[in-house]
Each structure stands twice: as structure tokens, then as C-alpha cells.
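Read through the structure below, which is laid out as C-alpha cells, and then see the notes.
Letters A, B, C and D mark the chains as written, and numbering starts fresh at 1 in each.
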Amino acid sequence: MISFESDYIAGAHPQVLKHLCETNLEVLSGYGSDIYCKTAADKIKKACECEDAEVFFLAGGTQTNSVVISTMLKDYEGVVAAVTGHVSAHEAGAIEYTGNKVLTIPQHDGKIDPKELEEYLRGFYADQNHEHMVFPGMVYISHPTEYGTLYSKQELEKISNICRAFEIPLFMDGARLGYGLMSKQTDVSLPDIARLCDVFYIGGTKVGALCGEAVVFTKNNTPKHFMTMVKQHGALLAKGRLLGVQFDALFTNDLYFEISRHAIEMAERLKDVLIEKGCTFYLESPTNQQFIVLEDKKLELLKGKVGYSFWEKADNTHTVIRLATSWSTKQEDIDKLSELL
Amino acid sequence: MISFESDYIAGAHPQVLKHLCETNLEVLSGYGSDIYCKTAADKIKKACECEDAEVFFLAGGTQTNSVVISTMLKDYEGVVAAVTGHVSAHEAGAIEYTGNKVLTIPQHDGKIDPKELEEYLRGFYADQNHEHMVFPGMVYISHPTEYGTLYSKQELEKISNICRAFEIPLFMDGARLGYGLMSKQTDVSLPDIARLCDVFYIGGTKVGALCGEAVVFTKNNTPKHFMTMVKQHGALLAKGRLLGVQFDALFTNDLYFEISRHAIEMAERLKDVLIEKGCTFYLESPTNQQFIVLEDKKLELLKGKVGYSFWEKADNTHTVIRLATSWSTKQEDIDKLSELL
Amino acid sequence: MISFESDYIAGAHPQVLKHLCETNLEVLSGYGSDIYCKTAADKIKKACECEDAEVFFLAGGTQTNSVVISTMLKDYEGVVAAVTGHVSAHEAGAIEYTGNKVLTIPQHDGKIDPKELEEYLRGFYADQNHEHMVFPGMVYISHPTEYGTLYSKQELEKISNICRAFEIPLFMDGARLGYGLMSKQTDVSLPDIARLCDVFYIGGTKVGALCGEAVVFTKNNTPKHFMTMVKQHGALLAKGRLLGVQFDALFTNDLYFEISRHAIEMAERLKDVLIEKGCTFYLESPTNQQFIVLEDKKLELLKGKVGYSFWEKADNTHTVIRLATSWSTKQEDIDKLSELL
Amino acid sequence: MISFESDYIAGAHPQVLKHLCETNLEVLSGYGSDIYCKTAADKIKKACECEDAEVFFLAGGTQTNSVVISTMLKDYEGVVAAVTGHVSAHEAGAIEYTGNKVLTIPQHDGKIDPKELEEYLRGFYADQNHEHMVFPGMVYISHPTEYGTLYSKQELEKISNICRAFEIPLFMDGARLGYGLMSKQTDVSLPDIARLCDVFYIGGTKVGALCGEAVVFTKNNTPKHFMTMVKQHGALLAKGRLLGVQFDALFTNDLYFEISRHAIEMAERLKDVLIEKGCTFYLESPTNQQFIVLEDKKLELLKGKVGYSFWEKADNTHTVIRLATSWSTKQEDIDKLSELL
């Protein structure tokens, strides 16, 4: 059986695993104070062209969103996000659990619109009752979004400028950042992101690691006693090396970018096959996640042969499914899918 | 200056204040264990035709919403509400502050639509990823709504049936309940509400008391150790008598209903004046809050002469304002307003 | 039946109630923006000899502790308190409920010892693992304490200096502050408190009001958007006048101090009676709460004749009870008690 | 340099790493639904002789304590723990952060005393004011404790019986459980623990894994929607296999017990050396952590040659340090230490 179920169906990229094995017997101190956390952070800062950045490693996406948002927001603030943003819809209320509201604005293929964001923020402060409401304290965007779409550099610049005008930080959820950076259709680079965002994270779990996300604070704005708050969230690993070593491997010899480029190439071929087979795309995605609308009958035929993700029912007889590529996708997987469609 | 700014611009109804004065020197034990809390609860149970009910007194609306919702929900649950519901929009994130998400559905003149509610609940459980989402654990409605509108008995029955089918409680925010019950256009009685809701509250602050809301659990469903949780919220008054005595007065000789009827009559006259003067209504409200769209120029003329609430900008030259009546509204106030318009 | 059960067994002092009645029909805006909240605040600032102070009104003691502590602490901080401090022992976990730990140190007749406080703080920062622990972010003292005892000016100065050395605020819970200020055995004045504390509150509920505590921020240190956070706690009264009017009365013509002095005088007479009757004091209290150890047999005889508070079992045959005086205690109550003992 | 700094200074036991490598390319579904999470759970249930148990995998100790305690407690409840319990002292307030109080009782070499526990619980319910206090809702013990000490079977039985009498669950933090089970001085087996505790966890991070703790609910008492709440805590790994595979290895061919036995043997030899060298033991520990009091001068000599943990200052010229063994400790490390002492 071939699988496009998600980008986290395989273990770690072999290079990442190799580095874990090679360093396994080294005696290293705990809680992120080891040398690999340091070298990984240095390599990331260099890749970001942001020597001032501060880099921390956490285990997963929801955890990272929860820790970053709750440590950066005041109690009276909420985080502005697209209604389809991961923090809004699919994190079991993790943001609210620690006390902050997600303030939703409309989504357009998973993205927020700079104009609508500005109107929302302006409207908030214009409202005479706004002291009885939750203050917008941060803007959250995912890039790629939950729908695989990307912001253009111009869009990011607009959003960043709005955030600065309203003096609130811009936070980018980069759980799949590699796929965004290696897309054929992007004009956004990692240094652009470091420049335009106040904080963002470079996803590892979905881009070749067993687990791990690298949080980058870019403006000397790490929340005070951040490590203590990571501990308070239950998110501080005793063997912090597990994350440091993996990111050290990912940011050595551009492995992170290579992995991502491979997944994008596989996604392009996948798209070609899907187009060739006359599939209807749910939306146009330039990254590793592709969304198509299939007849339920056809879907039935794929069961047991192809792994995919159910997305939502399109209508009574059609379903939207997601097919994802990753570092582990092989050309032959796509060939087999082509035969089955 | 006359004022229609809100229904909480005056102190307590004279009868309520009189009862506070008369009982002032009595030695009473604290924390709601006094005789007036008991007699008030008994009178309320009788008015609800629900002898099994359990009644508690809290100080204000947001506090009551916060306490009821957080004590009835599990951590993995959220409260379903109209996007304009008070808990969603105007409580400074009080619900999220103690960990629960407000799950918003569309509003129609401030109300939720039973069909849309059912679709939302059905859709939630049909979603294959729903274990990564916040479970709907309660339905919140306000009656009258924030726009002064009312549910019909049929609508309430539908909503109640849906809640029972999905085994989640129905919670009615009755901060202005009296005005709903005494509306000329309602077919909903207090016993209907007690029958159809699992928990609701009878607003005092906006209906003749200095402060106070009476929470009614109707189905032997008071959360365990409720009083301890009220204390934990900082909501347990040492002199619980302050609330008991006021509600004892409000539910003696139908004072609560009389007060509300007076406000409704005043609202009807107000509407007549507004219609007569050619005002544009923002929406049709059958209760004590009336919403009109005024030219900004006209509004300017009223400043310093008439108290009103800013609601929102209608467009660049018009504003929506709210005019509210209460027990303290006098016919002459309306006559003066008529002259000024 | 006479009662010394607590200092909140009667309603409001007649002058307070009178002021509520006189102002009842005035049209006043909501949420603490009325003129009485302003005049009351002004009078309090004057009494504190601290014109820069900012004064806010809340409804009760636990609520005030919860709001002040949670708005002043960061998530990684806790509040240092005596193990018998109200926030530690008798608030149903209100401080922890909103996320902050109470860091307890030993108590001595309800008080903390400056030397032990300093050792605790010094020890915390000396601990090499302190980043895995809760940072001390505030010191909480009650004055009078839960045992009726008082800090001397010298003690307060020491504690205040320690707090400044460690750059953490000193918060005084003054739920019974009047009784402390009017004690025959105190050298601490209200201006002293305003000078030495960063925030404190002047209790109304237990000193003549129906409800209400006046929070005083003395160092231009009101938490940002404090009103929004009060709302978020469910603690913002729509009719804020209820609190403003009462404190306006309490701080007119020194009523607050007069009430307190009366209670202290009654407590002194009570003590004389208790001494005369050979009662064993549990500890020496210079304020309105007196604690005695009674034989259970004797206690049995008082039941139904004298109201008192159970404090704790002293041993199998003796019980510690609390007798409290207040503005409403009369000489004849004490005479009757004398007969009964 | 040799190191006894902690039991998490090396990576994973080679067998654990090997299993990760062998399974790395297998396509597995996410969030703990993979086959290795299942087989690992089955093996653990068998080792516990508790076929009804439900087993979940989390990443670290603080995370596990936070998730278990917050999902099992009601808002009005706290967790009873020794004052030195990890949840009380060294988790940065993680328990309070999500709203529950840690109710501390005295410690004796890190353990709670059954008699004192019973007195505490009895006293709580006897207190007439207990509705204003935090209810004891769970008992937390660590085994081995933070001081390496162990409960006897008789002690565990007493504690378990007390918990049942008061109808609250007993939770054992087994972050170092293996070392407790393999101690020469224990009469407690894994099935005993499964029988006597309502929930406990088998530590992986400190016993041979890169990360991971196996939570075992033994009485059909898994909190409802546990997985959703794990997600809400940010604790649900997308690649759940990381935990499943490691525990599958640890519970194959008794690896977990072998690893632990090795560490205990090394600890015994370490003890012999320490005794031989005339070291003063801080307390008697039967597990892999040994605590000794060293002259600061002597300690100075070890710096750069031996890794150890600072525990606390004993006095002005002495320090308590901890030396820990693990699966990776070698006989030659101890020989070298012997030379250095």
C-alpha cells in the first residue's frame, strides 16, 4: 500500500536518525543546555540571516503555538487568526485552555487578507465598548496554511506593517515551513520571514524529524524566563538533545531545504498525475499538500490501496481528500497512484 | 437631562431598597445561608413552577455566565453561542480566561437558528478529526438577546430538543429576562423556560436591583460543590443577604413582573414616538431596548440633552444608537424626547 | 440571641445605607465611571496622603485578592504568603484557579517574619535549580491577620524594604483594615501603609458596607487595562455606584475610622469580660477578633444563646472559638455574654 | 570526564535506538494510533498483570504529571503531595498553571506518612469551613521519591486503603520506576503498583528512552476524551510512534528491568566506594540516586573531572551533591571516581 495520508507517516530522514545514533553515547547536560542545541540554533540564525535571533526547540506544533501565544500575550489580549487557522480550529482549544481567546477573521484559501486585518484592528479601537472586549494582542498566520497556500512577500510585508502600526507581534506557524520556502511559486525567503515576523517557527515534525519545532524570536523579544514557562507548560524535555541533534542535522548542508525541495518535486508530479486523470482540485496549492474532490465511488476503490486524509464532505456523493508528499515520497508511489486512479 | 442610556442608570426599585433598609439590622449568617436567600429561592421556584429547582444568587451578568459555564463544562468542551452573544463578544474573554472556548455560530437579529445549531452539532460529530477539536458542551442563548429580540416558544422547544438529543445542557442568559417575559409579543412564560432550559438566570441588576442575578438549575443538575466554585471565582459575597433580600423583594407580590411590564409599556410608547418622528429602526425589538439609526447631525443635537448608548457606526454619516427603558423610565421622559427629536 | 459570630452579620452602617437611599434615583453611568466612585476615590487618596494613588472598587475580599494577584503577577511567578494567609488557606484555591501558586512561608500568630521572608527570597535565587521553580513575584500580608494580629511599623518597614530589594511588590489584604488602624496597640497609620505597600485594599464588607473593597495602587503601578481584567474576572459591577456611594459615605467625616474605633472599644470590653471570667485566650489579638479556648461542655451551654465562630478543635474536650465585634456590637451584647459565661 | 550528573545524560539504550532505526521507514498513522503504541501497551499491561489497564504515552515527566492531574481533578480539588514532591517544588508551577492547588503535607526522606495523610484528610472534612477550602482530590506519591527512597508494600497498601476510604485516586509518579522495582531493598512489584494505584506512570526518559512516559490507568478510569485533553495540553505527538516504538523495545525481553537492574548494581558499587572513602551520606537511598555531603574543598577538586548534581548547601563549608547511575554507567566510571575521591 502506498500512502499520501500526511507528511508525518514515516520516521525521521535517515540523516537525522544517523546523527541521533552517532551522538547517542555522548554525555550531554539536560534541558536544552547541550552543545547540539547551541550549534543547531547557530545554524538556524545563520540561515535566517538574523544573528540576533534567539532560538528554542519544542516538541510539536500545538505545543509551540500554545507556548508562544500564551507567553507573548497578556491576559486581556487574544490572538487574531483566520477562522481556519490551526490554533482556531484544530488544537482542541489549547489556546483558550491557558486563558486566551482566538479572535477570528475571515479566511481566503486559508489566508487572512491584509485589508480585512487592518479593518478589524481599526474597528476594534474605534468601538466605544472595546474595554469590555478582548484586545487583539498578536496576529497568527500559518505559512504554508492549513490548505497548503502561501502568502506572497508583498502580502507578508503588508501584514507585518499593520502589526507594527498597531504594535502587536506577528507570529508565523511554520509547521510546514520548508515546503513553503521550496515552493516553485514563492518569492518569500527565510531571511524575509525573520525580518517580517516577530516570532515564527521552523517545523521539524512534518519536515524530516521525529519531532521538534524550532522557535525563532527575531527582535530581542523572547518572553522573560521563557525556559521556566516552557517547563510550566510541561514542554521542557530532560533530554533536550533529542531536538538539538535533529535540528543540527536538518540545518547541516541544507538538508532541511533539500528534503523540502524533494517533497515539492513529488507534489508537482502528483499534481501532473491528478490533472492528467481529470481530477477536480478543491483549491490551488503550491506546496506539498494537494486537495482534490473525488466521487465517493472512486474513493471506495482506493481504500486499502492508497493512504489519504479525509478533509470534508463536498456534497452527498463527493468528498474532499488531501494527498501529501514528504521527504519519504518516492516517484514509484506516484506511478502506482496514477495506475489506480 | 433625560436618559435612555441603559437599564442600569438608576439605583434599586424603591421596594427593593425598602426591604434592604427594613432588614438591615437583622443578624444573619453569611455566604448565602441566610433566611432571605432561602425565601427568595422558594418564591422563585414557585414562580418557575419547578419545585425541584435549585437557586443561587450571584452579583452580575458576566460573573454568572463565567461561573455557570465553567462549572458545567468539562475542559474539553466549549459553549456554543451566537457570534453576537454576550459571552462571545462583550465579556473581555471571561469564558476563555477560565479555559473554555466559545464556539460561535451565526446570529439572526441576535438569535441562533435551531436548524443551524443542529447542523453545527451534527457536523461536529461527523467530522473525522473532531477529537482534535473543542467539543460542544453547552448551548448558550440570551433571552432577550443583546438586540432585544426574543425566541418564540416553538424556537425554544426546538433548541431544547436538539440539546437533549445531543445530551448537552441549554443555558439561558436572562440578564433582562423580565422584559422578555412581559413583552407584548412573547408566548414564553417563566415555567416554559424552567421546563426547556437546564439552567438559566433571572437578571436583577438590569431589572430593579442594585446588583444580583438568580441562577436556576432546573434538572437536579447543580454542579457538585457549587458554592466552593463560586468562592473560587471570587464571587461569593460574605453578606449574601444583599442578594437574597433584593430578590425576596422582587419576587414578592410580582414586583419583578410589574417593574418589567412598566418598562415594556414605556418602550411601546417610545417606539410610537420614534415611529411618529420617522426614525429608522435598526431592527424590530419587542422588549425594552430599541435600536435606531440616526443621522450624525441629529445625534449631535441630542448630546447633553438625552442619554443614549452608542451601538455602532451605520455608515459615514449615520450611527446606530440604543435607547433603553426600565422601571425608572417616566412618561415625561418620553414626552421630552419627543420634543427633542 | 446575641451574636459575635463575625463582623459581617449585620447589613450596612446606617449612614452608608442612608447615602444609598439618598442617591438612589440619580441617573449615573455604569461600570465605575460615576461621580461617587470618583469622590470616594478622592477622599481615600486624601486619607492615604497619597495623591498619586489610583483607587478601584471591587465587591469582596477573595475577589480582590484574586484580581490584584493575577493582574500583577506574571505566569512564572507566585505570591509569597504565610501558610495561614487567607489566599493560602481559605479562598477555595482562587489564586491557583487563575494560574498562580501561593508560595507559603511559616506564620507566627498569623504574621510572616521579615527575617524568614528574606531568607526565603535569598534562598530561592541561590538555588541552582530555581529556573524550574515558581518565582516569588509578590509578597502578600494581611493586616490585621486572620488571627487579628498586627504588624508593627518597624516590621512593615522591614518587609517593604525586602520587597524593594528583590523588586517585587508588597500587597496588603486589608479586609479588616479599619480595625487595625484603630487598634490601641498599633503605630501604623493609613499613610504609612500607602507609603510602604505597593498595593493594598481597604475593606468595606467587614467594616460597615454591604459589600465592597477599595483597592489602592500607590506607586503608579496599576496593571494595564485593569478595568478590562476586572471584567474578565466577572468582577465589574454594572451599577458601580453601589460601591462608590458606600465608600463615599465611609470616607465622609471619618465614618470608616469611627466605626472601626467603636468595634475596637467593644472588643476591649469583651476582652475584659473574658479575662474576668477566666477564659483562656488562644492568642493575644489587639483588634476586633478575639480567640478563646473553651471547654466543650461550656460551649454546649452557649449554643442558641450566643453566636460565635468555630475556629478549630484544641483537643478532645476543648475548642477554639472566635468572637468578633463590629460597628453593630452594643455594650448590652457584651453584658449579656458576661452573664452567660 | 566521568559523569554521575543525572540519569538522563546519555541518549537512548542501544536496543531502543535500534528499534527506532529498524522501524523508521514503516508507514504508520499518527497520534498514537500506530501498531507500536498498541504492542507496547499490550506488553505493559501484561507486565502489570492488569489486562484491563489503559496505557497512553506522553513525552516527559512534568507533562505527564500536568496532564494526569488536571484531567483527573475537578476544579474544586487539589492534589495532596509531600512538600518535596516534584509537582510541588520543581515543576515551575505546572499544576497551578492549569488551575489546581498542590496541597502539601510533610515529607520524610521524600515520602509521605500514611498516618499523617489520614489525619490530613480526616481533618479537612472535620473542618467546618472546608467548603471554603480546596478539596483533596487525589494523592500524589513519587516512587522512587526525589530522594531515591522507596515505599514498602505495606506503606503503599495503607496509602491505597486511605485513598479508597476517602474515594480519591492514588497517583504514582514513576519517572524512575525501574530503579525502584529493581532495588535490592524493595518488596513492591509492578503488579502490586497496578493493583494499589489508580493511575501511575512508567518512566522512560530516565530509564533508557530518549523521551517518553507510559501512563497506566488501572481501574477503567481513563478520563473521558483523554486524547483530546492531551492535545489541549500540547502534548499529543503527531509521530506517536516515537513513544510507542521506544516502549515496545523497553518491554521486549525485559529490557526495562535489565537496564534498571544494571543501574542498581552500579549504584551498589558506587555506595561501596563512597563508604570505603568515608563519605557522609545525606540519607539512605536504595535506588540509583545517592546523596552525599562533601566538603566544599573536596568538591572543588572534583570539578572538571566528575559530573554531579548540586543538591543544596549543607552548611557554610559543605554541600549536598547527588550522584546518579543509569543504564550507561560503567564499572570503570566508578573505579575512576574511587581514584579521585
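Points worth noting:
Going forward, contacts are C-beta pairs under 8 Å (C-beta built on N, C-alpha and C of every residue); 3 or more make two chains touch, one makes a residue touch a chain.
The structure presented is a predicted model; accordingly, all values stated were derived computationally and were not measured.
Note on A-D: across the candidates B-C, B-D or A-B, the interface recurring with over half of the contact pairs conserved by residue number is B-C. Contact count check for B-C and A-C (C-beta pairs in contact): higher for B-C. Computed centre separation for the pair subunit C/subunit D is 42 angstrom, with centres defined by C-alpha atoms. Subunit B and subunit C have Cα centroids lying 33 Å from one another. Centre-to-centre separation between subunit A and subunit C, using Cα means, comes to 50 Å.
Subunit A has residues 75-76, 91-93, 97-99, 131-133, 228-229, 231-232 in contact with two or more other chains.
If you draw each protein chain as a dot and join the dots that touch, every dot ends up joined to every other dot. The touching residues of subunit C, when paired with subunit B in their complex, are 1, 3, 5-6, 8-12, 14, 17, 20-21, 23-30, 59-67, 91-94, 97-98, 205-206, 210-211, 228-229, 231-239, 241-242, 307, 328. Residues 75-76, 78, 89-93, 96-102, 104, 126-129, 131-134, 310, 312-313 of subunit D touch subunit C in their complex.
By the touch criterion given at the top, residues 70-71, 74-76, 98-99, 131-133, 135, 224-225, 227-229, 231-232 of subunit A touch subunit C in their complex.
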